[in-house]
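One chain, chain A, appears in both complexes that follow, with chain B as partner in the first and chain C in the second.
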Partner chain A sequence: MYATTTKLLIKNVIKPKLLVQRFSSAPVLLSDKLQKFRTSESNCANHTVDHLGLFYKVPVEDRKHIFTLGGLPKSFDVQTKTFNETCLMIRQPSLDIINCMKNLDFSKPVVRFVLYGEMGSGKSLALAHVLHYAYQNGFLMVHVPWVGLWMRRCKEYSNSETKEGYVDLNLDAAAWLLNFKTQNSHLLTQPDIKTDVEYVWSKREVTPAGSDLLSLVEHGINRVKYASEVIIALAEEIKKLSNKGVVRTLVAVDGYNAFFYPNTRVYTEKKEVVHPQKVTLTEAFMKLTDFDWKNGVAVLTVDEIAIAEEDQTCHLPRYLLRKEGFEHIDPFVPVPVLNYTHKELTSCMDYYRERKWVKDYPGLDEEVEFISNSNPYKLMKVCAPL
Partner chain B sequence: MFGVVNTLKNQFFNSNLKIISNVIQHNGMSQYPTYFIQPVYKKESQEELIKSGELQKLTHLPTRAALVDQTCSASHDPLVSLFINYCMRKGDKILARELVETCFENIKRMQIEKYHKTTGEENKAKIDLDPKSIFHKAIENCKPVLMLTPIKRGGVRYQVPVPIKDKKAQFLSMNWLIDAGMDKDKKVRFHLQLARELIDASNNTGRVVKKKHDLHRQCEANRAYAHYRWS
Partner chain C sequence: MLKIFRIIERNTIEKTCLCVRYSSTDSSAEKRDEFRVLNIRKPKGRYQERKQPRTLNILPPRSESMPVDQDWGNVWPGPRSFHPATVPLPVRQGYVEKSGAPPSKYANAELVKIPNFLHLTPPVIERQCNALKQFCTPWPKALDTDEKLEKHFPLQITSSDYCFSSPSIRNPLARIVTLRFKLGSLGLNQRAKDKFLRLVGDRYDEESDSVTIVTDRCPLKKQNYDYALYLLTALYHESYNVEEWENLKTEADMEYYDWLKNKSKATIEKLFGKPHGEIENADVYADSVDKLMNEGENTYTLDKYGEAVRKLLNLPTKIEIK
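Let's turn to the complex of A and B:
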């Protein structure tokens, strides 16, 4: 018996790990062994370089908690519905950021990561992976699903009452507060998360110092008029709480460059175009991406799609962030998101085949790789009618 | 027989091409004269030609260039590209192709949803997940055998049932499917409606199959006029 197993080991027929599974009493599903594109490891902290290119399943509760009010791109959302599960691919950029987050010295000022890459290369999904890690490790998530939604297609705009020359996006701000509340519902109920300063909204409405952060958020949701102000107050409070070490914060902003692109679709009451720096919401996220606080980390993406179509000429951060944006977050860590490697593409196609999404025929992988140029979004589009 | 004559003609024209090209009548709108042969663009059929030695005969014949939608891709289907051309309006082929491809995507989504809902391996195996096979089945199921043509006898137009060829039946079946896809609420997209119709037709149900049956019934009712075809 022993001799045969060692022989097998030498021949490298069975990997030692599998051998343990084979002789242990725990039942191992046959499908698990055969599926080389999947890993059963759904704890993001345990993802290593060995898992590169593999799919892991996001549990339904986690998905409900993090992504109900945005966060996953719409086309991917439709896919998950069809596939009956939410699977993310473990890729280099998100893995790098997670590794850094594990080893960061949180007593130093916040580190800003900037994800950049061509259209459809998977920036938003890399951010989703990082968010999942943050959720599993008890970070306070300050997550903006898509800044373009505010600057390019906002629901409503009105002149700010408290600040001269500024514009409020009330409904969008309230929607974001709701998102913040659902994402952090497990943390906001903790007893030591309190406000530091008294906020006076009007004669009758006051949020006293030492009240719950949750009550501040709920005030913003109930009184939509003050939602933008509440977000600015919230940003200040989060920074203070992080500085004290009560919480550890992840600031995740998708389409961050929209904060610096002057050609918005937000207008004043005189129908003049508003610069994003004149939108009250922007101020809060400028504060959160500044380096004057600690015990936090910021992961931002810059994306061509967040700006107007006529200016989508380059995907590099210096162009997209413009001078102001680049200087604002200046010492930052750029993380490129590239197209699929050959291994990732094969794994993705195997996943599609397993989910019955494409019908297999010889030479499919090469053909699809060539047509889509290994771009993840294009690959999805190319495989759709097959 | 016909093939032999054609190749002979081709060889004749080929050798005297320069002299006769001024005299030759061109083929309607086509930029190719009639003696140009159709290209062989599929890899498999090319290999077959090489194996059987047929290729030698075709080597020096004037050949048309392949059309834009004739690719050697394994996913290429001539019937689908014909269907795309039938869907096309005002020459907007990009739109037509996009619509048909989105329709296939919709079919897949609907079928996979069904697949996940059903329980039991046997029932799951019954569900067809390949949009192209659904498309082929649908077209096969909608093909009529007979149709009515008006024929004037004694000053009266009679609707006379006549048998039709496969090509015509295929055309009718595709056109009916497209019409059914267009006949919808304003808010529903064409590709979604077309997907529903194709799935229905592949199961031998739905509006288009009913239309076919109605036509057959009418032909059956008018069987008394059938002899007007020849008398």
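Let's turn to the complex of A and C:
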């Protein structure tokens, strides 16, 4: 009796083919789909409009070099570990910026690009794609993984000793210097990258003119007290080196608008809120995003998450940057980062299927597209338990 | 003790028995005369005649006896509230009960409430116009279009005259004078126009570009008319006046974003190292910044701004998704 009912059930409700797909661990043959969502082209300079919506693999070495100390959003970073590879989707905003960078006249003042978009639309990953391009093309990378980490979740603050009324974020500054060192280790050892001016830190500590940039950076890492000052000096040196034409520089700042949002979580010793412009670190990146130097390019993102929750009402750059910020980087090129198109969503779902992250069943794509509103981050969250 | 009580008791009983006997003899005498009948319908005594209601000798409604070819203008010569007997129309108005018709015109307050134009039927208007025609002059032939009219007669003055039969022929509303003109016809420069608009406030209508000044503070029409013209003259000259404190206006006091006065202009002049007039595509860029700031930012204005910046900095155009 029991056996017959189960047989009936299987016959009527679940198709036997589907049953195999669901409950067996046999790999689904997706070889025909492989060509559709993946590209073997991992050189970002060769990415064209034809590659839009396709995934490319970031080599392990490159990833180790660029993203060891931040640069990929946490949830994405976890997912790359799960997938056992780092794949980035080639999307319109990053491709647009790379295209502009290819055709840029580097003898002209620095061009500023501003990535903006809703929460979770992929601004940081667009920046990551640009960074990868910059790394492959020998740019000096000045990359701040997340400004919000300094202004809203800083590790430690203390009053600046050299500048009256300013606040140092020593540990964060040193951590950033370490990040800078790892990202540019291949460039910093070059013989012609040397400092231009002598820096006197104290009676016994001096960085003489003509010393390696690496020694300057290491001084900041070893003597945490001077880390903020070192970053300002480094900014000046990078600008000089770029002007001379020794290096080409990419300034990439994620959450740039946090430099202009007055309610920080940085306090003075009297527990007064510090305006971001009164944080010594800010000065360095204000200098680097100014247009008074050449042989460089700045790619910035503005993000709602970098400011306090009560003010997260709009994702557009003029609102987020405020008047000062807008005037500081004007004229900039606004680059919108939109939600997935249908093609991109299908490609992403195919990738998830190939990684066996989601099980395949008919109508899944449409449902997931509707639930996540094609927002990349939401799509990732929605697909996690499937 | 007990004996005494008994004696008293006996005496009282005897006395009461006596009384009963006397009274019974009286009532028996009446009964013998007549048999009383209980009359419910008619009360005994004088009968009162009920007053008959006075019947009024009312004529049937006038509308019933009206000839079909009557002159309606004579029946209803002036503005008047609705009267059911005078209007020969079966009009109905009012709240409709369930599955019923609206109340008829008799004793209908709803019809009295609403204003009517029964005195302004087309033949009456025609008759009145014909009567007024003898006082009119012909329309100037050269003024055949509205544009010409506006050009040659930029001021438009409106006032009302009232005539009616009452002890006083004066109507206080007749003193009000309305002056209307197009702001463009004054030929003000940008600064003067800005000041003029601040002075007139909400009297300016942006849609039709017209200013309306209503004067009613003087007792006579002539005085109000003169006052309106005085106001126009004063406004015109005052808007060209530059007071000393007006130069203290800073950027924070600006009511709109002016690219020429902002940092954006200084920035691109510094960027290119020459005045903005000589920079290629600077005007498009200036326009886009103005729009971004004044219209507020949205995807459209931001896109325009992006395009302008790309042109200004000579960058490749945006990659379009196919």
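Heads up, the rule we're going with is that the second predicted complex is superposed on the first by the 351 of 386 C-alpha atoms of A that agree within 3 Å, B and C clash if a C-alpha of one lies under 4 Å from a C-alpha of the other, contacts with A are read in each partner's own complex, and residues count from 1 in each chain.
Here is the rule we go by: a residue touches a chain if its C-beta (ideal position, glycine included) is under 8 Å from a C-beta of that chain, and two chains touch if they have at least 3 such contacts.
Keep in mind that what you see is a predicted model, and the values were worked out from it rather than measured.
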| item | value |
| --- | --- |
| Superposition on chain A - do chain B and chain C clash or fit | fit |
| Contacts of A:Tyr256 with chain B and chain C, given as first, second, both or neither | neither |
| Touching partner for A:Asn84 - first (chain B), second (chain C), both, neither | first |
| Touching partner for A:Ala384 - first (chain B), second (chain C), both, neither | first |
| Touching partner for A:Leu364 - first (chain B), second (chain C), both, neither | first |
| Partner chain in contact with A:Trp150 - chain B first, chain C second, else both or neither | neither |
| Comparison of chain B and chain C by chain A residues contacted | C |
| First, second, both or neither for A:Val333, with chain B first and chain C second | second |
| Which of chain B and chain C A:Phe37 touches, first, second, both or neither | neither |
| First (chain B), second (chain C), both or neither touched by A:Val49 | second |
| Smallest separation in angstrom, by C-alpha atoms, between chain B and chain C in the superposition | 25 |
| Partner chain C, residues of chain A touching it in the complex | 49, 52, 92, 95-96, 99-100, 103-105, 108-109, 111, 291, 316-319, 327, 330-336, 341 |
| Chain A contact footprint on chain B (complex, rising order) | 73-75, 100-102, 104-105, 108-109, 112-113, 115-116, 129-132 |
| Contact footprint of chain B on chain A as seen in their complex | 78, 82-84, 355-357, 359, 361-364, 367, 384-386 |
| Chain A-touching residues of chain C, taken from the complex the two chains share | 262-264, 267-268, 271, 285, 289, 292-293, 297-299, 302-303, 305-306, 309-310, 312-316, 318-319, 321-322 |
